[in-house]
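These are the structures in question, set out in turn.
Two complexes come next, and they have one chain in common, chain A, joined by chain B in the first and chain C in the second.
What follows is the complex of A and B.
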């Protein structure tokens, strides 16, 4: 065998095995589930959707010993939500934004809120979308949560948004209704901004 | 004039047999020299010998280019593999780039009857072996760990004794929980 062949062949073999190992995490899935999951993830990747959230959801299902059908249903739903988020946020949305947007849509936020957030906030939308989702998960009505986040998103940074969410959760834990807690929290966050820090939407009047 | 031959031989033998006077410090000097010598090396193992034997390899320019290109691609794939492990933690911050420094977040759970508790989530591929939690005290029911996280939203849960799922009581529950056992959600703010 010529020396060059001796050098290149092992390199190519190593290269091929390394490439095949890229999705080795999915080997934790049952063999009969792995093939359709890999197919779905490849399709999503071909469509320009981020694969990592789908991989993580599949791994969550595997760790929780969910059946193959359940995992596939969850992945199809998530892929649909990721597609919806991309439609609402635009093609330039980052994988993290798409993932957070998909969760927001699943929580009940309308796509128009995602699009409006994209228009009003120049920074990443990952945290505002995550806060929106968490508020809805805490019991805040989707439209109230969307209004509060839209009002704050253009003017406050990520840590203030997270702090706003914590404040809402505290108020809910103390007995406030989720809607009122969100409204009060947004009001407090707005009033704590420096004078002249405008650019976002006005906080809507509190619903009775 | 000629002495007897047997006498001569006898004298030679006596001379050779005479006791030698050896310097008492000789032993010490010899041992000192021995300790200064390099340690003897055993025979090299076959594989090591094969690997370390020098060879002359002749390559054509095309072959050298192909080998170099192979090495570059291999290095790229290896780096992708390495970064893949970080993607779980960096996933949420990917849109803002790697420049987002991950912050360390503490996770705490109360599990009085557990003998071992793991933290699993989007940041560790839901792998129970990856992030074992530690008891705060010897007989304590409080388990804790810390994980570096980039800004974003993460789903996670605690797994006690490999079978019992616990949500984080201090965090919102994940709404899209299709698999039965509960998961919690953590939102990490950026700058």
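What follows is the complex of A and C.
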């Protein structure tokens, strides 16, 4: 390869990489915050993590007029959670799955539940993880929420999982404890499955 | 009584001031002008004209309202009534919310009869998304010209909120000096398009005021929005006496035009009834509610119930956290149809350019920026 080409090609690659990192949406950030945010997102991208959740978290901070330190702390935490999610879900996880998995970990779900979900469900894990996170944020104990979602994830479709989450919300509003509501919701969703479904995995006999 | 005159004038001045320069983010005002025929129990029927200013201020944890009513009867005699009410709410717990309130008012008829009262109250609300209950106690003093008399009361109630209908059942046991009585009441508020209906039915029983203090009463008010800020208000019925504020039992029919600085169709009572307007007992928490409904494809309908707002915006990870204004739909709700991918999403809303907050209907979570964010799942 000619010396000029050896110099130009890496330069072009570097420029392309920098251009990709310069997401125009990040111009809403204060200049002194933008540079470290772009650097952190670029590092995450280089590590194979999805950039979009990080961009969105930075934009959320900007909309809420958060200081640069808070935004950077939030991004570092999220990048760590995304990395943890990839470790639990495997390298083939989609960006949406990683994002939902990171939220589940942040909510308190143990990594082993993410790995178990990966083993038990062939379809996308995005919605089960989203429902899991939503349940835990609603006050359902993480282990109860994980047990309910694990019990359902192998057999029900995404809309039914979301409906299950709504049923839990209704029960909580009616006065049920969050754990008991999740358990009752899982039982209800399970019983609504097609004939023959009950022959599959039984819900573990956990106390709500 | 000077207090009634001064308070009424203050309410009128505040309303006129708002009329002149528009509203802040959390304030609403109204001015109602009407005619009525009224038949106070034990008196001859009389026609009357009324002028009623009202100003409300509301935040997520407090509200203050100032209202007044001027009445001029056929005889040429005049009556002034005024009231100030303030409520403070504790931060919402998982299922409950505390409320502390104070109501003070004064009334004057000719130079003969004048009342004033001041009552403090505490309530504990048990909250669901669409229903709730409360128990409360109150205490204070009331005066009819002479020495103040003590007021003590206990109340309990339940409410349900349906898409277009709010229902409320309540009971109150009140003791004014040596007089005691119990009220059982129900209220319903229904709203569709430009029409709002308020119906109240109740009964007073076990009254220590003798047979004159007992009985069944009921009122209906229809509010028809005529334009952006004006409404026609028609009302009628019979209401019980209110020994605390000095209101006499009466039957009435009224018609009025209300000029509102809140939204069109806001319920404005055209005639001073014995009790405050609808749903007074509902705490502030669940008023703003978001429904998330997946439509075809990736389209998601976001529907926000915030009937008092003039402008509603949302921001989330599906809008790049740029504020998106919602559109008011005919039934009074606010809507946006957005393309949102499957997964977990974060959202905040704001009313009238105020602070971002989490509406009821989505899961509340701590964000990374010292505030809260709502999260919801889309299949």
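Quick notes on this one:
Going forward, the second predicted complex is superposed on the first by the 180 of 208 C-alpha atoms of A that agree within 3 Å, B and C clash if a C-alpha of one lies under 4 Å from a C-alpha of the other, contacts with A are read in each partner's own complex, and residues count from 1 in each chain.
We take it that contacts are C-beta pairs under 8 Å (C-beta built on N, C-alpha and C of every residue); 3 or more make two chains touch, one makes a residue touch a chain.
Because the structure is a prediction, the values reported are computed rather than measured.
Chain A has more of its residues touched by B than by the other of chain B and chain C. Judged by the touch definition given at the top, the superposed model places A:112 against neither chain B nor chain C. When both complexes are overlaid on chain A, the residue A:126 reaches chain B and chain C alike. In the superposed model, A:43 lies in contact with neither chain B nor chain C.
Once both structures are placed on chain A, chain A residues 25, 53, 56, 59-64, 66, 70-71, 73-74, 77-78, 96, 99-100, 103, 107, 124, 126-127, 129-131, 133-134, 137-138, 157-159, 161-162, 165, 169 are touched by chain B and, in the other complex, by chain C.
Within the complex formed with chain A, the chain B residues making contact are 57-60, 63-64, 66-67, 70-71, 73-74, 77-78, 80-81, 84, 87-88, 91-96, 120, 122, 125-128, 151-153, 155, 159, 165, 172-176, 178-181, 183, 185, 187-191. Listing the residues of chain A that touch chain B in their complex gives 2-4, 7-8, 11-12, 14-15, 18-19, 21-22, 25, 52-53, 56, 59-64, 66, 70-71, 73-74, 77-78, 93-97, 99-100, 103, 106-107, 124, 126-127, 129-131, 133-134, 136-138, 157-163, 165, 169. Remark: chain A residues 25, 53, 56-57, 59-64, 66, 70-71, 73-74, 77-78, 96, 99-100, 103, 107, 124, 126-127, 129-131, 133-134, 137-139, 157-159, 161-162, 165, 169-170, 173-175 touch chain C in the complex. Of all residues in chain C, only 94-95, 128-131, 294, 315, 317, 320-323, 341-344, 346, 348, 356, 363-365, 367-371, 373, 375-379 touch chain A in the complex they form.
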